[in-house]
Amino acid sequence: MFYREAGQFKTSYEKDQALFPIRQDKIGLGVILLIAFVVIPLTANDFFLASIMIPFLVFSLAAIGLNVLTGFCGQLSLGTGAFMGVGAYAAYKLTTIFPDVNVILLVLTSGIFSAIVGAIFGLPSLRIKGLYLAVTTLAAQFFLEWCFIRIGWLYNYNASGAIEIPTREMLGVVISGAEATPLARYFVVLSITVVIAFLISNVLRGRIGRSWMMIRDMDIAAELMGIRPLQTKLMAFAVSSYICGVAGAMMVFFWLNAAEPSSYSITLSFQILFMVILGGLGSVGGAFMGAAFIWILPIVLRAIPSMLGVDIGAETVEHLAFMVIGALIIFFLIVEPHGFARLWQIAKQKLRVWPFPY
Amino acid sequence: MLYDIFVDPFVQMYQMPDFFLQVLWEGFVAGILYALIALGFVLIFKASGVFNFAQGIMVVFAGLTLVGLHENGVPAFLALILTIGVMGVLAYGIERVVMRPLVNQPDIILLMATIGLTYFLIGFGELIFGGEPKRMITEELGLPTGSTAFEFGERGLVILQHIDIAAAVIAILMVTALGIFFNKTRIGRALRAVADDHQAALSVGISLNQIWAIVWFAAGLVALATGIMWGARSDVSFALEIIAFKALPVLILGGFTSIPGAIIGGLIIGFGEKIAELYWGGLVGGGIESWFAYIIALIFLLFRPQGLFGEKIIERV
Amino acid sequence: MNAYVGAEKLPVAGDPEREELLRVDNVSLSFGGVKAITDISFDILKGEIRAIIGPNGAGKTSMLNVINGFYHPQEGTITWQGKVRRKMKPYEAASQGIARTFQNVALFKGMTTLDNIMSGRSLKMHKNFFWQLLWRGPAEREEIEHRRKVEDIIDFLEIQAIRKTPVGRLPYGLQKRVELGRALAMEPDLLLLDEPMAGMNLEEKEDMSRFIIDVNQEFGTTIALIEHDMGVVMDLSDRVVVLDYGKKIADGPPEEVQASQAVIDAYLGVSH
Amino acid sequence: MAGLAGAASSGGDTFPKILLHNADVFGTRTAFREKDFGIWQSWTWSEVLNEIRTFSLGLADLGLQKGDKVAIVGSNRPRLYWSMVAVQALGGVPVPVYADSVAEEMAYVLGHAEVRFAVVEDQEQVDKLLSMKEQVTSLEQVVYDEARGLRSYDHTCLHSFETVQQLGRKNLEAKPDLAEAWSEGFSGQTGADVAVMLYTSGTTGRPKGVMLSFDNLVISARNGNAFDNLDQTEEVLAYLPMAWIGDHVFSLAQAFTAGYCVNCPESMDTIDVDRLEIAPTYFFAPPRVFENMLTAIMVKMEDAGKLKRKMFDFFMGVARRAGEKILNGEQVPLSDRLLYGLGEFFVYGPLKNRMGLTRLKVGYTAGEAIGPEIFRFYRSLGLNLKQLYGQTEASVYITLQPDGEIFGDTVGKPAPDVELKIADSGEVMYRSPGVFVGYFKNDEATRSTKTEDGWVHTGDAGIIAENGHLKIIDRAKDVGKLADGSLFAPKYIENKLKFFPNIKEVVAFGDGRDMVGVFINIDLTSVGSWAERNNVNYASYQELAAHPDVYKMIEGHVDQVNRDLSGEPMMAGAQVRRFLVLHKELDADDGELTRTQKVRRSFIAERYAPLIEALYDGSKGKHIKTEVTFEDGRIGSIEATVEIRDMPLYEAASGMEEAAE
């Protein structure tokens, strides 16, 4: 209906291969970016920015990271939380060691450590596939979590065992630490997420992205066509972990201000995995949709009883929220195992061929 | 350093054999319990190819139901029977609402669904029973308490908890019963047929849905047993859910479809982790129990990706 | 107007002009004691179409798997372009110019026709990760350069209409064609086709035969193919090697092989 | 000639001259596009000049002389269009030939035209030409566009388009003033020179070569452009056979004179997508294309959800009520105008978008009568679809429907510069600047078609209505009388029947007989989807055609037509008395249709003689065996027993009342 594509023809491969070849998609993306960069900052209150938008963006980025590995390269991972933790602890150590360096730069650098760790734990993927591989990533999860607790150097031997983020400025504006305004942090998180999402989309549509999908879809055929399985998988592990690492660092630097090892526990891994699955494996846009669903739904669920004026204990609400989320996850898996991205694809296709059914 | 790693632990083992034996016993009991959880996984995986992440929460749920019923005045044995009934209803519900609509979906989707189920059961369980740990009704069920100490050597002492002995006995009984069930009964044979070939099973007139409901029920019973045993050792709480993760390396070692594999894998992990923790853990600050099992599994996987009892996979094109 | 030189083929067998591309010497392969291939030797000459035929379970696919490094024979050697090769990984075989298609279509189901064929160019694309991140510039130029090659193949195989269709939605015959396209995109020296016409109707078979001949003639690609349809084999191939129970029972031009008593027996199932 | 003054004032009077002009004026505008290798390859006018010049010089090098005929064979491709102008620049005459005609037909045309050169699309055409070198002795050089499969051919007389261009380019490099000399070469040509020879497919006899001069084409094209305000911004899709005058005028003559862009589709399989992508602003199609598009729409909508279908039906109702009026600028109630606006958003807009007609400025249908329902459907969506009446001999334009004067049953007013009259025999005659020079090597035919003072017999019977619009009844020679003397216009009856989507083709008989009998061909798409919805099982076309339910449905259609006919005083006598549904689809491969999909009445009469006999001897059915040619060229036969049904007739006077009941 809204997709009126008549007259949109491509006279070059550049245009034909564009990320958004359809004009309406380009406009839609423009509108979303406008809302994100202009409308929300102008209208939203601190609660909305700090408790909804910032975590949503952080999780979106982490979901993109996991999606690279699981959705595009087909390697199941349950260690996302730990890889995010590596990013967080690395960034924390870096600010301690280089207090004068721009914190954004350090956050982006911290991903490299996470990438290295990710690649190491990706090594078994050469021989191990599917659920078995998931177990090896669980090894990473528990081992790294243990490291965060036991290696005091990582948290500067704080008595609390947590990392606390120092105040850092950029261009005279405080962007990290407790004094930073939600708005400033929002802009940092939004910019990093958007830029990384854009860059990774470029990788995904090119040679490297294709080689990952080859491994995912039919690893034997891929190998017989000259794809080196180990290199390709390790690269996916590294890139995925880099992105997760950056997300993990952002999580503590621009959202939580302080983090304990339990912030990066297996629960987080599952949360991100849910975002990816419900959002849609193999879709960058889906990662955003999944993150929105998993993060925002509980907030809404918790708010519902008080909105309705029903007086229920906070704990009960929490329990009910758990049940509803669990049930909704199962519901969506049954309705559309390929996630929101596929639902959106179907809807979009319907709109494109409207009023026809196909 | 090298001395600490390679020599000292063994010297200790030799010098304090009673302590070593005690560790072995602890490992054995832990192993048995891991094996019981793994058994729940294996039952479901064998029959439906579903990696049931909810097994851990089922343990908690079964335990809580039992204790909760008793707290509300139901006699212990009646509570036990009612709990078995609840697990049956749960199994039927899961088959109807979750598994049946998701038939033929990829592994990862089924795995996700069981994680969703976990969330649901956590919420549901906490809603009904509250989040606080509860004491298992060990005595009420007629299970032994207390402990027996054996003198060992000159001044050594090995203490065996009675409940641990009971756990071992029950686990062994359970495995035997399951073995008989699978080999001697019609339904048991049907289950094996399903595991081997869905099409073949259908062609001999067995309803897949029925079978799935039955295996989930069987897994529920195993969960109940595990819940009682584990609950008797510590308390019944949602923290128990974490032990489900321990079952994963056990499965890796034993193979996803092998019942003896689950037992042996459980024991290896149980022994290995206790010994490693007590003799080597101190060197790196302790707490290595949380990941040691995985590292064993990981190393093992690199050499034998199909597990101890799995069949070798020949790839074809 | 002068008559044109028709599509007649030059005789290949025993043609001293033709170079040897690949030679298999005394290769044996077994899985856990079960012999799949026993002491097989044959050669493939540059520019020919070589057929490997035989009843089911004769070891044909195993033979292809040995040639492109997926299986490693316990005994015997493989000489590729004059070099005897040791244990080789499949991707090394690919990088040395051996491409193949599969008996049961092995396309990348999540991708479009275009991407599937583009994937055949993987070995020839080199722009590193950082250029890929930027896209604009070298990565995009490289992508377009290869897109052109791929479009040539799409044009050649007449699959323009399904360019952007996910391959999972295509009918079987077209999937086979896309798979051929993917192998062609590798610009191989040797193209291995594992039952390229299995499960096709007559018309599709004719199309596929035409494509195979065109590939052989237009690009000069050497082709080794496994096929069940004897008619097709006789029409297409220059030389045929016949396997039965993992052993070679005949080798030569199609007419000769067809007349061989051993071959007739094998196909009729005469017991050994 | 009045229209000439304004139209011909710039650009020149031959296509090579116009090309130079366009390269000068529209240099950077896109002139041609072709979907090839996945994208729309584009050429600007100055690039096109360059391409044509090098190719032309290459042809000269190969020995092409003034006056030589050059066959152009293939589907719509920029290079083939360029070839025509390249040939014209050397004083040669291009002869476009239907690419899908069988070798025998083609051999006749090429032999008759005495072509020396041929520019063809690909191996298939090369093979065809090589196979007929005995019949076409004049043929010396063949140039092909697509090299695929031709590598091993002997290239002494065979050249690729590129090598010919390279030849030209080399000469151009060697002698830089050659470009000048090339332009000089055709500066002397005049509008009176023969520009192109088009062979009319002709429903009877051998094809005739219609010679059209530059003046014919250029003036007609300029008049056409002026009539609909077409300029260099238009986009057209070239997808109709290049040998057909319609395509020649729309995709070459008008494109060159207006300077607009011609888009060639990737292949016939992708035409719908290609049209969607390009969204032509000026579109031309025979009724068949519009019919097929409408059928496809309806079939797809049948599969849509209930709610969507309801919405579609509702808004189509609104469109029927108000759409055409709004398009014609008439008064419409505000409520309808609002609803129509809503409908535009929900239905019409998306529908036009899917058909690729969103940007349509004006569309024409011609060649045959279009069903009034179909015609109205498109117009009610807000598409400015119009009818025109034309002929090869007239360089297309005879009559056109001016904007705002659209009537379903007439074909419009005389085009600019066209004079029109109805001969005493009832035949339509015209005189215009587009009137052809003559038939090639067939003076006799020329004389019998074109009078001394330039009037041309169209061969169609028609009347000029009170509003000055022309109404075509039938082919003049087909109009006959029943035994009782009532007027029998077979085409008129056939068209009425064909307007039902379930009916694909009709052949009516009755001249000199005592009643009208018809053969009916069902439309497989439409009836097939009907069968699916109504659980009618069938294994083959034949089975479906003979199905009692299908017969019943067709019977209803025939009855409806009889009612309609009874309401028209002149036609009431010729109602359908008996009909049958043919067991096979009429097919051009079997010679039953022309290549332009027109029914070959006499051939069918001969082939199905037993059935005609049965129509008139009162029998209830007839067994028949028919030879058919399969797609791969094999000959086979199918046989069937065809049922014949009787129909009640309506009285001329009372028919109106009954219809009103």
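Per-chain residue numbering starts at 1, and chain names A, B, C and D are given in the order in which the chains are listed.
By our rule, a contact is a pair of C-beta atoms (placed from the backbone, for glycine too) under 8 Å apart; a residue touches a chain by one contact, two chains touch by 3 or more.
Please read these numbers as outputs of a predicted model, since none were measured by experiment.
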Chains partitioned by contact, chain D not counted: one piece
More contacts between chains, A-C or C-D: A-C
Chain centre separation (chain B, chain D; CA means) in Å: 77
Rounded Å distance, chain A centre to chain C centre (Cα mean): 42
Distance between the centres, which are taken as Cα means, of chain C and chain B, whole angstrom: 50
Contacts with two or more other chains, residues of chain D listed in rising order: 38
Where chain C touches two or more other chains, by residue: 70, 102, 106, 147-148
Multi-partner residues of chain A (each touching 2 or more other chains): 13, 220-221, 224
In the complex with chain A, residue positions of chain B that touch it: 51, 97-98, 101-102, 105-109, 111-113, 115-124, 126-127, 131, 245, 248-249, 251-252, 256, 284-288, 290-291, 294-295, 297-298, 301-302, 305, 315, 317
Chain A residues touching chain C - in the complex, by the definition given at the top: 13-14, 17, 199-200, 202-203, 205-211, 213-214, 216-218, 220-229, 235, 239, 282
Residues of chain C defined as touching chain D within the complex: 1-7, 114, 147-148, 151-152, 154-156, 158, 160-161, 163, 203, 214, 217-218
Residues of chain D touching chain C in the complex: 36-38, 130, 133, 139-140, 142, 148-149, 151-154, 156-158, 266-267, 269-270, 273, 632
Chain D residues touching chain A - in the complex, by the definition given at the top: 33, 38-42, 276-279, 297, 300-301, 303-305, 308, 311-312, 345-347, 349-359
